[in-house]
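One chain, chain A, appears in both complexes that follow, with chain B as partner in the first and chain C in the second.
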Partner chain A sequence: MSCGDPYVREFQERGYRPGDEARFRAAWTKLEAAYLARLLQATEPFSEWRDRFHAGAAETVRLVEAFPGEARFLAFGALAAGEVGQEHRRALADRLVELVETVREELPDPDAVPAITGAWIVAMFFDRVYRACIRSEGPALRVELPELTFLAVSAYFGTEAGLEELLRRR
Partner chain B sequence: MSSKTPAENPHLPDELAQLPHGRHGLPQEFVDLNHRERLIAAFIALVGEVGYSGATITGVLEGASVTSRTFYKLFATIDDCCIAAFDKGVEDLRPLLAEAYLEESEWPLQVRAALHALLADFAGWPELGRLLTVEPFVAGPELAKRHKAAIEEMVPFLREGRELRAGEPLPDTAERGILGAVNSMIGRQVMAGSGEQLESLLPDLTQFVLTPYLGAAEARLTASA
Partner chain C sequence: MTAAARIIAERGYRQVSVTDIVRESRIARTRFYENFGSKEDCFFAVYDATTAAILERVSEACAESSEPFPKRVSAGIAALLGAIEADPDAARACLVEGPAVGPAINERFEKLIGDFAALLRSGREDGGSSELPETVEETVVGGLYWLLYYALLEGRPKKMSRLRPQLVEFSLIPFVGAEAAGTAAAG
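Now for the complex of A and B:
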């Protein structure tokens, strides 16, 4: 997922500096586009939401592990870069929420599930990615993938469906 | 850099307002505590504006109206001040959440009450919400460790809900996932500048947290009670 932009490495080494805005935006845009393209590629073969969700989550985990510098840029860059970072982070989160929320087409009663469920799931995922980026000990993010899928499926389809999914993925 | 002087800071008790200049005859211990609390409050206010990455000792001094000599007497670095602010925030939250939890007798309502207390506290002081939910991921390993420990403290309270569940047990890490999501949802709202409306998240957060234990229908009932 490397976007080949030298700014990502510079950012890792010296952090965000005033005057970086244009380079930050350019690097973020390239990296986000590369990530979303990978995500769509990974989920495209599947017609059911649960499979798409799992494939997208697994691809994200793979990318975080394979490209830790880029993952840190997307995860923490937003926090270090002030308003410009926040704006980009919100846009990425909104795009991910949109993708997660496609599940509603499969729900018998979509209105019974809170409108912010997609945001909840993305928030949960961000939390695990953040932790994976900063920790030097503890289980790898991939170990947590089945549980994350369980929580996501449970939020839309109920606990028993979540547990079924968990057993299927283990 | 901070927008509030000590006198304007609503999170400073009266006894911690700026001390009179010159000889005041107050015990040194009291003076040190006053300075420490003011520096912590100024740090939290500053983080609310510029985040941990943008917080400087100069900004904290300005917000607390103390000298750099006083700062260095109490903290070795800005990181020390940050850790002290985080610890103080967690210490203050602990009894608040425990009291709310214990006020109810049934577990689902206990969870709802604790969530409400948490959201209400952060809504009243969104800068603290930011320090406790967002900054631990960027402020270095020590704060991350403390944040993880604070989340771990809440796990047993949530695990009590497993006793209400029949059928297959939940995955071991379910509680950490749920609490992490609560943390992120709060952080997201605070960073969007809507921290003062955090209490509006209560029904949905309650439903999300309770659903794995009670099922969607019962969780929804409790959430809307």
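Now for the complex of A and C:
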């Protein structure tokens, strides 16, 4: 997912500065496109939502581990950039919510699940990535993957299905 | 501190200077520096006071209720949303602008999530959810944080109470199942 953009390295070293907006936007756009392409590639082989969700989550974790600087830029650094970062972060979250919400095609009664469920799942996942990026110690993000899948499956298919998924992924 | 919270909520942490805070507060610059070493110090004072007040309000709401776990969670979330609606500037300054401060906020952020997760964890025994991973409460609270972040970012702090049923439902599903969570959310 590395974009090779020198701005991301600069950003890590000295943070966001007034006048950075154009370079920030360019670096973000490249990284976001690379991340979404990897995500789609990882989830494509699976027909069932649960498998696609787990594959997408696992790929995200792999990318966070493989490209910590880029992950910090997207998850944590962008929010320190103020309004421009908040705006981009929001747009990425919206795109991820759309992907998560494809689950409704598999639900017998799609309207029975609250409309903001996808946003909640993305928010939980983002929180885990965010905190993995800011802390120097604590459990590895990968260890938390089964729990995140459990919560996502529970929210759409019920707790029993979530627990089944948890046992399958542990 | 009220004036500092207001101007930070309005313009964003990065766009506000000590000069702006001093002007908004109608105090002398020397007075500001008698109390705070920097803009960051001032922000942390707002952050600590606001988050402590919200946590206290939520703790009280949970403790006051002698009802079962789902009702206590519902009362806690109602108190949380009420606190945000009561002082939307302070809430936005802390929840939205906190992450804009940069790495210096990290420890406070982790503590905030941990404190609220501890409240939720206190009802785990009632929910009979011993099979759940140990960090579920932190994950649930983290998700709530970012949902509130986006709601505040979109500038709808006065409509926070409308989120209550969904937030209650999500917070409870892992512990008591969808049916009981739905009942508590509707109550």
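Basically, the second predicted complex is superposed on the first by the 170 of 170 C-alpha atoms of A that agree within 3 Å, B and C clash if a C-alpha of one lies under 4 Å from a C-alpha of the other, contacts with A are read in each partner's own complex, and residues count from 1 in each chain.
Note that a residue touches a chain if its C-beta (ideal position, glycine included) is under 8 Å from a C-beta of that chain, and two chains touch if they have at least 3 such contacts.
Nothing here was measured: the structure is a model prediction, and the numbers come from that model.
Trainee: Is the arrangement of chain B and chain C around the shared chain A a clash or a fit after superposition?
Mentor: Once both complexes are aligned on chain A, chain B and chain C clash.
Trainee: What is the contact status of A:Pro68 with respect to chain B (first) and chain C (second): first, second, both, or neither?
Mentor: So A:Pro68 meets neither chain B nor chain C here.
Trainee: Once the structures are superposed on A, label A:Glu83 by its partner contacts, choosing first (chain B), second (chain C), both or neither.
Mentor: A:Glu83 contacts chain C only, not chain B.
Trainee: Now for A:Gly15: first (chain B), second (chain C), both, or neither, which partner does it touch?
Mentor: So A:Gly15 meets both chain B and chain C here.
Trainee: Using the superposition on chain A as set up above, list the residues of chain A that contact both chain B and chain C.
Mentor: Chain A residues touching both partners: 15-16, 76, 79-80, 82, 86, 90, 93, 114, 116-117, 119-121, 123-124, 126-128, 130-131, 134-135, 144, 146-148, 150-151, 154-155, 158-160, 162-163, 166.
Trainee: Show me the residue ranges of chain B that touch chain A in the complex, using the header's touch definition.
Mentor: Checking each residue of chain B against chain A gives 50-54, 134-135, 137-138, 141, 144, 148, 165, 167-168, 170-174, 177-178, 180-181, 183-185, 187-188, 191-192, 201, 203-205, 207-208, 211-213, 215-216, 220.
Trainee: What residues of chain C sit close enough to touch chain A in their complex?
Mentor: Touching chain A from chain C are residues 12-15, 96, 99-103, 106, 109-110, 113, 131-133, 135-136, 139-140, 142-147, 149-150, 153, 163, 166, 169-170, 173-174, 177-178.
Trainee: Can you check the complex and tell me which residues of chain A touch chain C?
Mentor: Per the touch definition, chain A meets chain C at residues 15-16, 76, 79-83, 85-86, 90, 93, 114, 116-117, 119-121, 123-124, 126-128, 130-131, 134-135, 139, 144, 146-148, 150-151, 154-155, 158-160, 162-163, 166.
Trainee: Once bound in the complex, which stretches of chain A touch chain B?
Mentor: So the residues of chain A in touch with chain B come to 15-16, 75-76, 79-80, 82, 86, 89-90, 93, 112-117, 119-121, 123-124, 126-128, 130-131, 133-136, 144, 146-148, 150-151, 154-155, 158-160, 162-163, 166-167.
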